[in-house]
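A, B, C and D label the chains in the order they appear, each numbered from 1.
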Amino acid sequence: MNGTCKSPIRWGMVGGGEGAFIGGVHRIAARLDGQYDLIAGAFSSDAERARRSGAALGLPPERSYGSFEEMASTEAARPDGIEAVSIVTPNHMHLPVARAFMKAGIHVICDKPLTTSAQAARDFLAEQTNSDALFVLTHNYPGTPMVRQAREMVALGAIGTLRHVQVEYVQDWLTEPADAANKQAAWRTDPSKSGAAGALGDIGTHAYQLACFVTGQRAGRVAADLTAFVPGRQVDDNAAILMRYPSGAKGMLWASQVSPGNENGLSIRVYGDTGGLEWQQENPNRLWFTRFGEPKQLLTRGGAGANAAANAVTRVPGGHPEGYLEAFATIYTSAAQAIRAHRGGLDPAQEFLLTTLEEGVHGMAFVDACLRSSARDASWEPIQTQL
Amino acid sequence: MNGTCKSPIRWGMVGGGEGAFIGGVHRIAARLDGQYDLIAGAFSSDAERARRSGAALGLPPERSYGSFEEMASTEAARPDGIEAVSIVTPNHMHLPVARAFMKAGIHVICDKPLTTSAQAARDFLAEQTNSDALFVLTHNYPGTPMVRQAREMVALGAIGTLRHVQVEYVQDWLTEPADAANKQAAWRTDPSKSGAAGALGDIGTHAYQLACFVTGQRAGRVAADLTAFVPGRQVDDNAAILMRYPSGAKGMLWASQVSPGNENGLSIRVYGDTGGLEWQQENPNRLWFTRFGEPKQLLTRGGAGANAAANAVTRVPGGHPEGYLEAFATIYTSAAQAIRAHRGGLDPAQEFLLTTLEEGVHGMAFVDACLRSSARDASWEPIQTQL
Amino acid sequence: MNGTCKSPIRWGMVGGGEGAFIGGVHRIAARLDGQYDLIAGAFSSDAERARRSGAALGLPPERSYGSFEEMASTEAARPDGIEAVSIVTPNHMHLPVARAFMKAGIHVICDKPLTTSAQAARDFLAEQTNSDALFVLTHNYPGTPMVRQAREMVALGAIGTLRHVQVEYVQDWLTEPADAANKQAAWRTDPSKSGAAGALGDIGTHAYQLACFVTGQRAGRVAADLTAFVPGRQVDDNAAILMRYPSGAKGMLWASQVSPGNENGLSIRVYGDTGGLEWQQENPNRLWFTRFGEPKQLLTRGGAGANAAANAVTRVPGGHPEGYLEAFATIYTSAAQAIRAHRGGLDPAQEFLLTTLEEGVHGMAFVDACLRSSARDASWEPIQTQL
Amino acid sequence: MNGTCKSPIRWGMVGGGEGAFIGGVHRIAARLDGQYDLIAGAFSSDAERARRSGAALGLPPERSYGSFEEMASTEAARPDGIEAVSIVTPNHMHLPVARAFMKAGIHVICDKPLTTSAQAARDFLAEQTNSDALFVLTHNYPGTPMVRQAREMVALGAIGTLRHVQVEYVQDWLTEPADAANKQAAWRTDPSKSGAAGALGDIGTHAYQLACFVTGQRAGRVAADLTAFVPGRQVDDNAAILMRYPSGAKGMLWASQVSPGNENGLSIRVYGDTGGLEWQQENPNRLWFTRFGEPKQLLTRGGAGANAAANAVTRVPGGHPEGYLEAFATIYTSAAQAIRAHRGGLDPAQEFLLTTLEEGVHGMAFVDACLRSSARDASWEPIQTQL
């Protein structure tokens, strides 16, 4: 995965201007494997800020737009217009932007979560069913080699029949009331921009999606106890969730942004009737594997126990840590592969292990079920991808 | 804590003969600080096995009894009879044995859980309210120095107002159906001997008690999803529990005996509005502490950050690991202190941080609430120490 | 550090074609922050392989050269010729290539170690003293944020007066005789290409350079015991080294490529009279700090204890691991800053914490002293940067 | 190992009175498995302190002696006199005390190091060659189950032919000049009491002995660089040592008592041509094992990968940590087994994996060689057990 591409994909961005966090991450991720050229953008809903950001990123003024609508229509009309756009706005703008570009035949790479409500997600899916443009949701953790290894191992029976999933995503950065000056915190705790879910939507969705990816199973019902511990906060900052799977497996999911001492503590442990797997995001090059009755093995990215699924997305040898940006870059490179396959008339589907629109809708349905459950005193609620 | 005692307590044991596990642990624990002399026992309900075990432990034949009733009455009548007895039988025998000895004025040190049902526990508490004999339940993890440190720190406000408790106790030894030859597994999975709770009663109670000890708070309500994953098993082997505290704090508790790769994975993490503490039983000499906004600190038993509560029960310097047996020995030594204080007419109460009968009843009420909740599809059920 | 550059540096590469490892790493590193455009290359001494590699990397045929001499003269003559070249050949070719480009006024970014002998290194330094072209050696580990933090902390007195340095670099990939098909192993164990030092030159130099970087001190004398454990191997695969510093500090350095169970185990521990610091490359986002008499602190990249030196080269928040490629990219981005400063007539010197030619010569003198010492039964030998 | 012994060994102690550290450790170790009864002692060279200590330990006045000579002769003459004595005085008194008791036919259990000089050690060995009394040196770390497992694995070829041994013992408690009030520090830094070696003698001997125990090999030559970093200190507080084995293996040993952030950091890593083993004393229940070319395995005490050598000295199941005192107790219990075997006329030799007098002499020869080497600028010096 270390080449420079002969013909990078012409690429634009909506959101991600000055003061944003995730936009910069997307740009590094897109550059890392050299598969994209950033040639257009609408970096802010504030026209002046958008212009300044575009200039700072080296775009010619005519490709730095003041609105996403203008960008979509203008780029679609240019012979050298962008082929793909990344959407890195606050959540409430994801679908309006995606709609505009997909209508214009431009592929969409969209930050998660998909949107702010399950209903909006389902409507969008229905609307786009026949779209010729691809849609990719950037759940980035499945880009990690050892996560791909875990998924492949579970699929091949390494742990036997799944029994219990223990997944958590624990942070501490919202332990205190958000400073108004903290742009990241501000929109994430404003339900009109982030949706009704706080920690649940921001990081609980990552945890749940990771569990789906690794186990190959979706929960059927959830019982959720959501709390806003910080006085005055309008959305949950701590989510305690029980899960039941149609297969009979059980699960627990904990998401918190108010647990001092935790930076980005995403971890997953899955246990079956013959083995177990354990992975922690903050030390992502390692995967623990136990066959019941045998010593625990430490599998490492690039190491003797790495499988083909991990090796396919490994850039440097074992012991040379790859991290968050590499995993994110793998999502971008996989998206580039999907775009190229699509050009060839193939259906790229899930072949590249990307998160699809349908999966994004399922993620929103998970959020919705948790919100309903919590409102009903942690009753069991079904996850309804389809109504 | 390294002296040899001038006048050890005269001590006996019920249960713990050949083939038993926990009896040997109690004997080491009692010996470690030299506070007890084992001088009598009824080591098995099988008379021949009882006799052989007594001989193997060096007791004269007349102090090795075939039944606990005979032992209680005979020892009570001897001028040099035992002052205290430890009960290390399967759960269903705890209270009959305790009743016999307490009635005879002999102090009781009883393995956990207290008994097999909450009702029996409450009845026993009512019955013993005016007993002059002491009763100590051997929840051993509170004997660990860094657990005592954590409790003291929480009590002194180190983490501020408690928000979330994450506690788990994960093992794998019951991943497969219990071999009939495995005596430990056999009675623990037989409801007539262990009670209706499996993993919940065996290790979930430890986890819950640890959470109570560290936080100084008891949960008010629980929602539990109990599962028996192993085909044919009559008791739960996996327990997923949500907790709500009267203070507004929340918690999650996971107990499992079917998670391959976990030996004795008891851990607790507690978070408040100004800090967090994290402890893992398998590496018990370490305690992580974070004041929100400052770097994480690694506090060690015997180290620069150890407090008086930890130092009071520390035997060897930092870096020389103390473990499971040392913590258990601390419970025994604390019990010896309580017995000596009692001789002096003082009320030893909770001064020695031992688990009282009333706490044992609370633990059974926790189990009972979880069983009820799970039977009602994980409804919220109150923990009823008193009816 | 997440922007895309307005005017990337025009950049070429010598070496790093098909089958190479480190060339690909340099290309990712150069792309990650968007500071370079790869526009020319001589990717192999094999002309056909060079051509194929150039094409695969998307270069037009006229910028893909069959020899580095041709590349240097042609590029120097073009108005749009490269401004900088990276040299990623086996060690014996580093200086001939560097000479050609520096003579042509093209800045050089050169893989380590500098060359195959101390004498050649000193000669080259003498020769280039007045060169207007910059020379940067890609010791990449100093690009790691927590390594920069450690250096800054030592410089500011966090550990007091340095006493002992414990540094090691342990791998296992050469445990068995190198397969002829393993191109990486083949040239590294061939003294005509790698120099007389094996593990010492390949990884011992990294370990020593890291120690210099963090402590701000150079050893004065070394006593080395080098061994070739694998039968038939012509260079050392295990190096045990004692170090003495002019300041009175002592050190131990162990480099091994034959230690099963170690992938890329570079670590450093430095102790002074008031504190200690400990860092491990395989978990690079963490730095342990102890003030004597206080609890150990875990400082994390992006965390509460990160200092300005670390934050200056941090791309994503704490808990989102950065790794080997990010550190390497920081070296490239720092080199770009140095090149831009140079354009402005400034002397970029060591301001950007890059490894200079003079430091590369010192590194070769370290290797030379170790070889001499080992040949004399581990006698103490001075490190002679200058003769 | 959890029984109480029918007929404990009658046992005494010299040294270990008020204010001592290691005496208390020996008493706990002797009690833990119930194999010894403490019935006599000469706890201090200060008669009043000796008396007070004896009383505090529950001895009758006539068994609490003011001098070790009196104790040896009196106890030897009593029909119920002690069978074994433990010597826990400062180093310079070990041999005079041992001589007195062995002459009296009383077995000796002696704290390490054997004495203060190699010559004295060799003389003592020559003198005691035909003694009927047993002599055991309490190197305690070989009592650790996973250390025994490592030794057995190496002996059975698990790592192939030994190549490199990396052993270290790092502490920080002598980072600053010893407070006169710190009795432990005071005698350890006084050459007239501890011998000419400081950290080397106190902990370097443990590290070296551990390496001998695990590898089954003794170094032939050493090159040592000893330093007294603390101003005014008369003995080394930091020792950097290279080792060469007759077999061709190499080694490095680092002992330090001035490295802030290290409590009791004893660790060993051994590598052969087919595998590697790694163990750390502060987390003693774990042993890492790698067969070259396979994933790393985590072997645990009591776990699936534990071998018979480990299981023979394991008291509680996996995941219930055993630590320093348990390992020490295993030495005592092994000594009891040796004493009982001796009673039966057998030669207990090394069957019980105890450190013999001859091994103690070798340890002193190691210290002597290091002192000579350091005095000669780290020349290679042979370890001369015999002259």
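By our rule, contacts are C-beta pairs under 8 Å (C-beta built on N, C-alpha and C of every residue); 3 or more make two chains touch, one makes a residue touch a chain.
A quick note: this is a predicted structure, and the numbers were derived from the prediction, not measured.
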- Item | Fraction-based call for chain D against chain C, same above half, different below | same
- Query: Any idea what the CA-fit rotation angle from chain A to chain D is, to the nearest 5 degrees?
  - Reply: 180
- Query: Where the centres are mean C-alpha positions, what is the separation of chain A from chain D, in Å?
  - Reply: 55
- Task: Averaging only over C-alpha atoms, locate the centres of chain A and chain B and give their separation in whole Å.
- Result: 43
- Item | Distance between the centres, which are taken as Cα means, of chain C and chain A, whole angstrom | 35
- Could you list the positions in chain D whose residues touch two or more of the other chains? 262, 289, 296, 300, 303
- Tell me, which parts of chain B touch chain A in their complex? 159, 163-164, 166, 168, 172, 175-176, 223, 225, 227, 229, 238, 240, 242, 244, 250-252, 254, 256, 258-262, 269, 271-276, 278, 288-292, 296, 377-378, 380
- Note on the structure: Per the touch rule above, chain B residues touching chain D in the complex are 2-7, 21, 24-25, 27-28, 31-34, 38, 55-58, 171, 173, 262-265, 281-285, 300, 302-303, 315-326
- Task: Write out the stretch or stretches of chain B touching chain C in their complex.
- Result: 289, 293-300, 303-305
